[in-house]
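What follows is a short report on a single structure.
Naming follows writing order (A, B, C and D), and every chain is counted from residue 1.
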Amino acid sequence: MPILIDRDTRVVVQGITGRDGSFHARQMLAYGTKVVAGVVPGKGDERFDGAVPVFNTVAEAVEATGADTSVVYVPAAFAPDALYEAADSGIRLIVGITEGIPVLEMLKVVRYVRERGARLVGPNCPGLLSPGRSKVGIIPAQIAAPGNVGVVSRSGTLTYEIVWQLTRAGIGQSTCIGIGGDPIAGTTFVDCLEAFEADPETDAVVLIGEIGGTDEQEAAEVMRARMSKPAVAFIAGQTAPPGRRMGHAGAIVTGSAGTAAEKIAAVQAAGVPVAARPSDVVGLVREVCAAR
Amino acid sequence: MNLHEYQAREIFARYGIPVPPGEVATTPAEAEAVARRLGGRVVVKAQVHAGGRGKAGGVKRAPTPADARAAAERILGMTIKGLTVRRVLVSRAAEIAHEAYLGIVIDRRQQAPVVMACAQGGIDIEEVAARAPERILRETVDPRYGLLPHQASRLAYRLYGDAPRARAAAEIAQKLYRTFLESGASLVEINPLVTTPQGELQAIDAKMVIDDNELVRRPELQALRDVEGEDPGEVEAREAGLSYIRLDGDVGCCVNGAGLAMATMDLIQYYGGRPANFLDIGGSSRPEKVIAALSIITRDPSVKSILFNIFGGITRCDDVANGIVAATRESKLPVPITIRLTGTNEDEAVRILESAGFAAMTDMDAAVRKAVELAPAQPQAG
Amino acid sequence: MNLHEYQAREIFARYGIPVPPGEVATTPAEAEAVARRLGGRVVVKAQVHAGGRGKAGGVKRAPTPADARAAAERILGMTIKGLTVRRVLVSRAAEIAHEAYLGIVIDRRQQAPVVMACAQGGIDIEEVAARAPERILRETVDPRYGLLPHQASRLAYRLYGDAPRARAAAEIAQKLYRTFLESGASLVEINPLVTTPQGELQAIDAKMVIDDNELVRRPELQALRDVEGEDPGEVEAREAGLSYIRLDGDVGCCVNGAGLAMATMDLIQYYGGRPANFLDIGGSSRPEKVIAALSIITRDPSVKSILFNIFGGITRCDDVANGIVAATRESKLPVPITIRLTGTNEDEAVRILESAGFAAMTDMDAAVRKAVELAPAQPQAG
Amino acid sequence: MPILIDRDTRVVVQGITGRDGSFHARQMLAYGTKVVAGVVPGKGDERFDGAVPVFNTVAEAVEATGADTSVVYVPAAFAPDALYEAADSGIRLIVGITEGIPVLEMLKVVRYVRERGARLVGPNCPGLLSPGRSKVGIIPAQIAAPGNVGVVSRSGTLTYEIVWQLTRAGIGQSTCIGIGGDPIAGTTFVDCLEAFEADPETDAVVLIGEIGGTDEQEAAEVMRARMSKPAVAFIAGQTAPPGRRMGHAGAIVTGSAGTAAEKIAAVQAAGVPVAARPSDVVGLVREVCAAR
C-alpha cells in the first residue's frame, strides 16, 4: 500500500484547461492515473481531450464522478478559493501545485482544510507519485520505479535527482512525495514519516530537507522516537548565505536560524545518516536496509 | 522584500504608531535642512538593507543642523556589508528612559502570526531568542480572528507594570498587527520601542519585510522597492523571473529548482570549489531565461568557471540547450562552461549542444568536479 | 429593526447590487414628478412594515406619470395591517423574463449565516420552505471566512444553467453578503431577483432586517428608523428602554422578563381573557421605567384592566411599588389595577402599596384570574 | 453531582468592579461560591471588597488562583473580547451574563470557545445555580432548594417563577440553568438534557421553552430517543403575535415558524407532558416521578 494515493484514487483536476493543468492532466492520464473530472467554472458540460468531463464546480464533479482527490493548477490569485472549494466538496486529499500563494492566505487555508477533515499536500509542491500505481502532480514519471523506499522532500528537482539515482541503482520507491518549500504547508515531514511508518510496503525512508524553518528538526525527533524503519537524509543549503530565507524571522520564533548545519546535527543525533552528496544517498540506503 | 527604515516608519505612522518626526535625505545639505526643520537634536541613520548599521558607523547623533550635515557627509557613500549608502534618515532624537522590543512574525510550526515582545530592546533579538527564550513574551494569533484586544492587552501588561503604558503598548500592538496584516508582511518590528522620560511610547526603529507573493496584489508596496540599493544582478534576475543571490566564490552556477541549486552549491564546496552565486531558473525553460541567466553570471568578474545543472522534468533540456547556444552565438563566453543535463529531452539537448561545439555531461558529480577544476585555484580569492 | 424597501434598495445599490432606478415620494405630485424623471412605465409601491402589500392593493403599475400620480393618490393614506402608508416608492418597471429568490439569514441550528436561493421568486418563500424545502438551495457560510467565491459560484450555477447569468448572480450573492455583514443584518432578501429579457439580473424588491444589538455601533442605520411608521406606544417604550408590543386584547400587562411576560399573556388567555400587550420592563427596576410603562398601557383605549406581574430577582419589588405609587399620585388610573409581586423586597413592596391604598397579591394565578375578571366581558371586543 | 458547577468550582468574575459585576459577585460570595478572582484591566493589584484579588488579565487570574470558571458582566461592546479571553486562558466554563451582543459577533465567539475546549453558557443568560453548592450568575439564591430535579430554561424570571413554585412545593433542584434567550447560544437544551441524563443526582428534568427557533423540537427528539429520565415542559408564547421574533428568517431556514403550538406538539409527541400553566409544572413533576 503506498501512502495517500493508489490505483483507485479518483482525481479531479482543478484548472484542467489551463497551460499547466492541461499538460499535467495528460501526463497523469498517460501514467494511468484515474483522472475522472476537471473543474473550470463556466466550462461545465465540456470534455477535456474529448474524454474527461469538465464541471463548473468541484461539488458537481464529486457527485458525478466520485472523485476523492483533487490536484490544483489554478493561478495563485484564485488558488486559495480552489483549495477552500475542494475542502468543502468532500475531497479527502488536495494536492496544491500552484506557487506564489501569500503566506497570510495559507494560514487560513490550512485551518479550513483541517477542520473539514481533508489533507492538503503543498502548495507549491510537485505532488505525489506512487510508481506503477498513480501519479498526482508533476513529478516526472520516467525517473521512478516501483519499490519499497519512501521518499519525502521539500524540493522539486533535487527530489527528481535523488529518485532518479535510486531508480538507476535498482532501488524502487513506494511513494515519492514533495511537500513543497513554502513556509506554510498542509503536510509536514512528520505527517509523511508517520504514514510511511504505518505503510507495510515501505521498508526505508529517504528524507530530503533544506534550510529554513525547523521541519527537519521535528522530523528528526519523530525518526528517533517513533519510527522503527530506517531512514537516510540529505539536507541542501550548507553553502547558502545565512539570513536569506526566513532566517531572521524564524530565528526569533524558534531560537534556531534554520541552517543546514543545525538540521544535519539534529538528524544525525537521531541516529539517521545524512548523505554528504546526493549521490551518497543510494549507498546509505543500501547500508541501512542491510543493517536491518 | 525588505523595506527601508524610512519607508517602514512612514507606513507605521499611517497606522497611527507613534514615530519621532523625521525625513529622508540624499545629500548633506538636505540632511542639514531637515535637521533645521525638525529643530533640536537629531539622529542621522544610513538607509541600507543590512543589519549592524550602528556598529558600522552608519548611525550618528547630531546636536545641531551643522552636525547633521557633517554626519550625513560621513555616512552617505559609506559601504555597509557591500552596500553603498545612498540615503539617510534624519529623525528627531528621542529621549530614552526604557527600551523594549515589539515584533510580529509568522511561526511556521504553529502556522500562525506571533506577536513578540521583550522588555530589553535595541538589542539583537535573535540572540535573546537563542540564549534566553523565556525573556521573549509571545501571543499567538488565530489568523481567522486577528490579534484580539485581550491578547494585545495581556502582552502589554506583561511587558509593562503600569496601566497607562500597558494601555498605550496594547494599542501600538494592535496597530502593528493591522500594519502587518494589511501590508502582507512576513515581519514587522519596532526595535527599540522606547519609553520617554515623560512616559510616552515611541517606535524608534522600524523594520518591515513584505511577503514577495503579496506584491502582485500590492503595487503600492512593490513601488517602494529600492533597486538602487540592491545588487544589480539581483535586480536583473528578478526582472527576468529568476532567483539569484550573489556569493563570494568563483564557480557561477545556473540550476533549475532551488533545492537542486543549493545542492549544487554544496557539491561545489564538497569538491573544493566555491560557488559564486545561487541561481534558480525555475520550472519553465524558455530560452530567454537561460540567456538572462548567462548574462548575469558572466557579468560577475569573480566568476572563473560556469556550471549548468539541469534536471529536466517540466523543464525541457533541449530548451535550455537552445538558450545556451543562442546566448553564446553573439559573444563568446569569457570563462569555461560545464554543462550537465539529464531528463526530459536529454538526447535532443546533447545533440544541439554538441553540434554547437559544447560538451554535455549527464552525471552531476562529474560535472561539478569538472567545473571546480576549471576555476583556477586561488587561496582566499573573492 | 426593519428597513423600508426604499432604504434597503439604497443600501443594496451602494454595494453594487443592480436595482432599477427609483425614488421615494410622500405626495401624489411628488410621485408624478419622479415618474416623469424616470421616464417609461413605473411601479408605485407602498412603504410600510407589513407583508402582503400586493394583495392589499399597495403595489400598482403605472404606464404614465399621470397614472403614477393616481396610483399614489390611492396608496398614500391607505391602511395595511393597521399601518398607515405615508410613503411610496416610485421605481422604473422592470421587464421580467424570470424571477428567482436570493436571501441571507442566520441559521440558529448551524450557528452560521446561510445564503439561500430559489429558482421560483416573487413568491412566499416561507411557504416554499415549509412545503418543498428541497427547492431552496443553500450555502452555509463559515462566519470566520465569509461567503467564499466558490460558494457564491456554486449556488449561482445551481440556480442558473448559463455561465453569464451564473457569474452575475455569484457576484450579486457576494455583494449581498457584504451588505449583510457590514450592516449587521439578521436578514437580507432580494425577492424577486429578476432576469430581464436581455438576460440582465435586477433586484426588484429589497428587504433588510438589522439586528437591534448592532444599532448601538451603527448610528447611520439607527437614523433610518421610521418612527412615524410605527405604533407610538412602541416608539415610546423603546425610548424608555422597555420592550412593548401592542396586541388586540383588553388586559394590559407589565411584567419583568420576556419569558414571564409571555407566560403571563398565555395565562390571561387560559383564564378566558385577552392580553392587550406584551410589555417587559427588563431586569432593572428604576421607578421611571414603571412610570413609563403605566403611561403607555393606560394610553391604549382598549385596556380595561391592568396587571402587574413582577418576580423580584435583580428587580426589587419595592422599586416597582414605588413606581406604581409615583405614577398614580398625579393622575388616577382610568381602569382597575391588579398587582402581583413576589421575591426580592416583597414585604417592603406590599407595605408601600397598601399604605398607598393598593392591594398586593403574591400568587400569579390568582392575580391573573382577578385581572381578567376586572376586564368587562366583551364578545369579540378589540 | 450537579451539572457544570459544584462546591469546588473556582470562579473569576470578569468586570467585578462594574455595577452588575460587583452586586452579583457579592451575592455569589454570600452564597458560598468560591469567587477566587476578579478581572478588570488596569485594576490589577486591587482587592474587591478587600478580599477578592483583582487582576489585569484572566490569564494572570487563572495562574494565581486556579480559577476554572468565569462569569462575564462586561458591557456588550467589550463582552466578545472578554469571552475570547476566558476561552484562551484555560477557563473551562464561561457564563456570559451580558445582553446585547450582536449575533454576528456571537457566531465567531461560539466557534472560538468550542475550538479551545471550553463551554460557554449564554450570553444574555441568568447563569447557573446548584442549590446548596454553588451559584454562578444572577439567579436569586432564595428561590431554590437542594434536590433532584434539573431545570433548564431559555428565560430568566419565568425560570425563577417555576423554580420558586417547585421549592415551595418541597421539590428541590439539582441544578437550575438558564441558557439565555439569544438566537446564538453557547449551550443548548440538548447539551443540558444530556448532562442531566448523565448526572446521578438528577431524577427528572423541567424544560422551560419559548417561541423562536427550533431548540425545543431538537430537545424533544433527545427526550424521546436518548433520555431515560422523565421530563416535564412548559413553553411560553402561545399568545405571542407571529413573525415578531425571528419568525420569518427562522421559517425560511427551517420551514418552521417557531411557534409555541409547533413546539408543544413536538414535545408532547416525544411523550413529555407540557404544562398548560406554570403552576401546573409541580403537579406534572410529581406525576412523572411517581410513574417512574
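Just so it is clear, contacts are C-beta pairs under 8 Å (C-beta built on N, C-alpha and C of every residue); 3 or more make two chains touch, one makes a residue touch a chain.
Note that the structure is a prediction, hence the values are computed from the model and not measured.
Student: Which contact partners do chain A and chain B have in common?
Tutor: Both-contact set = C.
Student: Suppose you hop from chain A to any chain it touches, then on again the same way; how many hops at least until you reach chain C?
Tutor: Minimum step count, chain A to chain C: 1.
Student: If you take the mean of the Cα atoms for each chain, which one ends up farthest from chain B?
Tutor: C
Student: Counting C-beta pairs in contact, which comes out ahead: B-C or C-D?
Tutor: Looking at contacts between chains, C-D has the larger number.
Student: Please report how many Å separate the Cα centroid of chain C from that of chain D, as a whole number.
Tutor: 28
Student: Just curious, how far off is chain D from chain A if you go by their C-alpha centres, in Å?
Tutor: 48
Student: When the C-alpha atoms of chain B and chain C are each averaged to a single point, how far apart are the two points in Å?
Tutor: 58
Student: What's the distance between the Cα centroids of chain B and chain D, rounded to whole Å?
Tutor: Distance between chain centres: 55 Å.
Student: Could you tell me which residues belong to chain B and also touch two or more other chains?
Tutor: Only 144-145 qualify.
Student: Residues of chain A that contact two or more other chains, please.
Tutor: Correct list: 108.
Student: Please categorise the chain-chain contact pattern as a line, ring, star, complete graph or other.
Tutor: Contact map by chain: other.
Student: What's the complete list of touching chain pairs for this entry?
Tutor: Listed in label order, the chain pairs in contact are A-B, A-C, B-C, B-D, C-D.
Student: Help me check something: in the complex, which residues belonging to chain C touch chain B?
Tutor: Touch residues, chain C against chain B: 144-145.
Student: Using the touch rule from the top, collect the residues of chain B that touch chain A in their complex.
Tutor: 51, 103, 105-109, 111-114, 116, 125-126, 129-130, 133, 136, 143-144, 181, 184, 186-187, 209, 211, 213-214, 216-217, 245, 247, 255-260, 262-263, 265-270, 275, 278, 283, 311-315, 342-344, 364-365
Student: Okay, in this complex, where on chain D does chain C touch?
Tutor: Chain D reaches chain C through residues 23, 76-77, 100-104, 106-108, 110-111, 126, 138-140, 142-143, 153-161, 164, 181, 183-184, 208, 210-211, 213-215, 218, 234, 236-241, 243-244, 246, 248-257, 260, 276-279.
Student: Applying the document's contact rule, which stretches of chain C touch chain A when the two form their complex?
Tutor: Contact set of chain C toward chain A: 142, 145, 148-151, 153-154, 157, 163, 166-167.
Student: Touching chain B in the complex: which residues of chain D?
Tutor: 41-42, 44, 56-60, 78, 81-82, 84-85, 88, 108, 112
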